[in-house]
Amino acid sequence: MGSFKGHALPGTFFYVTGIWWTLKAVLKYACKRHKRTSYLGSKALFHRVDIVEGIILVCMALTGMLGEQFITGGPYLSLYDYKKGQWVQLLGWHHTTMYFFFGLVGVADILCSTISSIPASLSKLTLSNALLVEAFIFYNHTHGREILDIFVHQLLVLVIIVTGLLAFLEFLIRHNVILELLRISFILLQGSWFWQIGFVLYPPSGGPAWDLTDHENIMFLTICLCWHYAFSFIIIGIIYAFVIWLVKSRLNSFCPSEVGLLKNVEREQESEEEM
Amino acid sequence: MGSFKGHALPGTFFYVTGIWWTLKAVLKYACKRHKRTSYLGSKALFHRVDIVEGIILVCMALTGMLGEQFITGGPYLSLYDYKKGQWVQLLGWHHTTMYFFFGLVGVADILCSTISSIPASLSKLTLSNALLVEAFIFYNHTHGREILDIFVHQLLVLVIIVTGLLAFLEFLIRHNVILELLRISFILLQGSWFWQIGFVLYPPSGGPAWDLTDHENIMFLTICLCWHYAFSFIIIGIIYAFVIWLVKSRLNSFCPSEVGLLKNVEREQESEEEM
Amino acid sequence: MGSFKGHALPGTFFYVTGIWWTLKAVLKYACKRHKRTSYLGSKALFHRVDIVEGIILVCMALTGMLGEQFITGGPYLSLYDYKKGQWVQLLGWHHTTMYFFFGLVGVADILCSTISSIPASLSKLTLSNALLVEAFIFYNHTHGREILDIFVHQLLVLVIIVTGLLAFLEFLIRHNVILELLRISFILLQGSWFWQIGFVLYPPSGGPAWDLTDHENIMFLTICLCWHYAFSFIIIGIIYAFVIWLVKSRLNSFCPSEVGLLKNVEREQESEEEM
Amino acid sequence: MGSFKGHALPGTFFYVTGIWWTLKAVLKYACKRHKRTSYLGSKALFHRVDIVEGIILVCMALTGMLGEQFITGGPYLSLYDYKKGQWVQLLGWHHTTMYFFFGLVGVADILCSTISSIPASLSKLTLSNALLVEAFIFYNHTHGREILDIFVHQLLVLVIIVTGLLAFLEFLIRHNVILELLRISFILLQGSWFWQIGFVLYPPSGGPAWDLTDHENIMFLTICLCWHYAFSFIIIGIIYAFVIWLVKSRLNSFCPSEVGLLKNVEREQESEEEM
């Protein structure tokens, strides 16, 4: 992880996941609004998509865990070096633990979609868990580093905690598309912030790193996080507009419905209440 | 911003906004109670008002952003001075970022009122976002200043965080007029507290500033915040009484209704449940 | 306030209020369960009781405010001594501010019970406000004192914040008798803790004060708070049992009802859901 | 408590309780899903189980309290030694207080199951109370110890606070089996973490204790907590699968029902809504 690539990789992973979740959430919402009669058909489709998603997530988590362990110079599953009397590569073990909890999200996704006796909200709960565990580990990750290094990681922890709490709120209050998109916007923010950390601590241009003790840099990174956040908002807005337009114009054959998408004020309110 | 006017301006903005929102919220509540049959008509009116409000908000945010950038001695959109190797006017960029997020609230207001496929709760969410981003930026705004300067800004951050959380609660629990008025009372508090900060740090009388290291001043400003809060409560109470009286006496022609405003105990309870 | 009496007085006030509220809450709950048909009659009675309670609260707050101001050596409404260039009796002003916000609770009680257009939840909100303002002021009350003095006041602030948050929760979730009794148990705890602070800082026996720097005292006061809490639990339990027994045996004439108090499992569940 | 056994004992207690609660919660959930008609019969059974559980809890709490007081070298109910002018065995009194509050949970369990006028949610509330009181006491328990000693206890406090808040959430939102299992997973985590603390501070092998000032140990214990948590998740998953299988295959005679456990998508959703 102590390199630009080590931060760009999880960043890309979270960004791709975020965009995929946005697509899924908006599509589900649009289908639900568009056609009410044949909704159950597409629901089965979404179930199957969830299973595939779960399998991919488990595979990625396994790859990550094995990669962290058997990378050149990695811990190779040994935890304590009894000869030297010290722990082996604890940071690598930290990452392995995080991957494991994201793997559990995949397992829960698969179980919720296949076994009927498991409540569907389990999936949201394991996601919330994985995020809060990630935040907890990151919080104890940066002892004794420079002030700017700690600051960018503190902001990361803040972002992850908020994401985890929003996922927990989704576990309690389901079927609220705005809340879901809000949580996804924080997933996107986490993804792009990983990139930002990479640029700050390990500049890929090979130039000198940022001055890790300069207070002005902290002032800049504060608003930089806000810009990343605004960017993830705009990304979601564009995807939202695109998917709604797509469902309205093209997929009329896929989701046939008599009622148009533009509803009058009364119907809108009704569907909101239901939401 | 580093002047009395720089604090009086946003203070006035928040105060005017707060009073306007109080008027709107109480009027909506009164109309809803007064006439139930023709409520949909006035609902369309409130939609149109929301669009106008959104446009005004976007214009004000744009003005603010351009003003911060192109003021004499401003950053003129340049972020980093490569010659000197330092950031340009970061505090100005902080304010620009805040204005941008309040602009997003305006955009969301317009979108929610015009496009039917967007849930109306988006508007509350962007407001909550804008406030929490503002609090986050202010929190990292006052590094290395005097103790009293930090304290008044900490109180400001506290006020803004509470406002943001209340707006988020409104996003989850809608149509609760008391909750809405509570959030607005904190908007008013923020407005008048900006004025107070101006008076403390840059006394307009031209006299000497307050002793920024005196502990007694902290003790006073603690209760001063409470007085400001009590004042905003009283302002809202007066507006509430005035609007209810106005709706009852004058607007009977505008909102015609057979049932009187004074209802018996049973009906009151019923309408509360509905609220 | 800097005396044993100054702490015993508010302690007694909160304890009496807490016991009175317990009586009222349990009586309301028992009447609601006992007789469903003629509930509206007793509801009007409870409304009248609320008005009287509000008036008493306003009178007590006014007495407290005037007492703090015009006590011998008090500030006599002067805030700043321009001659000496210092604030006058800020601690007295702190207490005046707290009384003012509790006075607002009384005003809200009266308004909610008399004017039908004001939602009843306003009363809970002002109570939550008064408590959180009290906590905020106490938090900034003990700068520069001894460690034990700060510790007992920190515990007081903790108790008040929890009470305020519970009152806010009651504002959101109404008609939950257990939640109401929980909030009242913290009011009782606050009352008895005021007495405890008095005993610790100003021993009435005239003996030497506690060693304010001893760590063992902190360890003791930690569990002491828990014992006070357990005591307030037991007090509420006794009142609960007494009132339920009283309603069942004596007040059958006052609240006539055909159905007995001991209901079968099914009815119990139903009434809980309704609650 | 200052020994390996002193930590293994409460650890075992919490672990056994957690496993028992998991069994009960899953069995209740399975019975509720499996047979809807004759649910009231098994509900009476669960009521009786609750009473037994309450009695056991009260007995254990009494044993614990008496044990702490009358152990060799214990305080023997004396609180203050007036001769030496110091407190007697405050840590023992801390534990006594904790046991007392867990005893209250037992009392509430018995009362809720026997007296119909007491709302059933009281039981959850006292559990939440007992946990938060425990967290509060542990928080003030480790003044002036080594950094690692404080760290493992801080993690314990974190776990207990989360458990207490989850129990409070259960008090507000009832009949959500996932939330209940989540709270129980934290009870299990607390149990195994007590064991971990025992191993770290008082190695049972008799070997030297861990280096209490080494930063690497903190890094390891951070992920160690996560592993304990994952383990408690897996334990609950195994019990869940086993009980569901048992109810499905064997207990068909005990809980006779026509409808199968494997329901179609629609029914699943319906039962979730109801949950």
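Odds and ends about this structure:
Note that the chains are named A, B, C and D in the order they appear, and that numbering of residues resets to 1 at the start of each chain.
We adopt the following convention: a residue touches a chain if its C-beta (ideal position, glycine included) is under 8 Å from a C-beta of that chain, and two chains touch if they have at least 3 such contacts.
Note that the structure is predicted; figures quoted are calculated from it, not measured.
Note on connectivity: the fewest steps through touching chains from chain A to chain C is 2. With angles rounded to a multiple of 5, the C-alpha fit of chain A against chain D returns 90 degrees of rotation.
Farthest from chain B in terms of Cα centroid separation is D. Judged by shared residue numbers over all numbers used at their interface, chain B and chain C contact each other through mostly different positions, with under half in common. Between the Cα centres of chain C and chain D there is a gap of 31 Å. Chain B and chain D, compared by their mean Cα positions, are separated by 44 Å. Contact with two or more other chains is made by no residue of chain D. With chains as nodes and touching pairs as edges, the resulting graph is a single ring in which every chain has exactly two contacts. Screening every pair of chains for touch gives A-B, A-D, B-C, C-D. Chain contact summary for the complex, chain B toward chain A: residues 40, 43-44, 47, 86-87, 90-91, 93-94, 97, 100-101, 104, 116-117, 119-122, 125, 133, 136-137, 140, 143-144, 171-172.
In the complex of the two chains, the chain B residues touching chain C come out as 30, 33, 169, 173, 177-178, 182, 215-220, 222-223, 225-227, 229-230, 233, 244, 261-266, 268, 272, 275.
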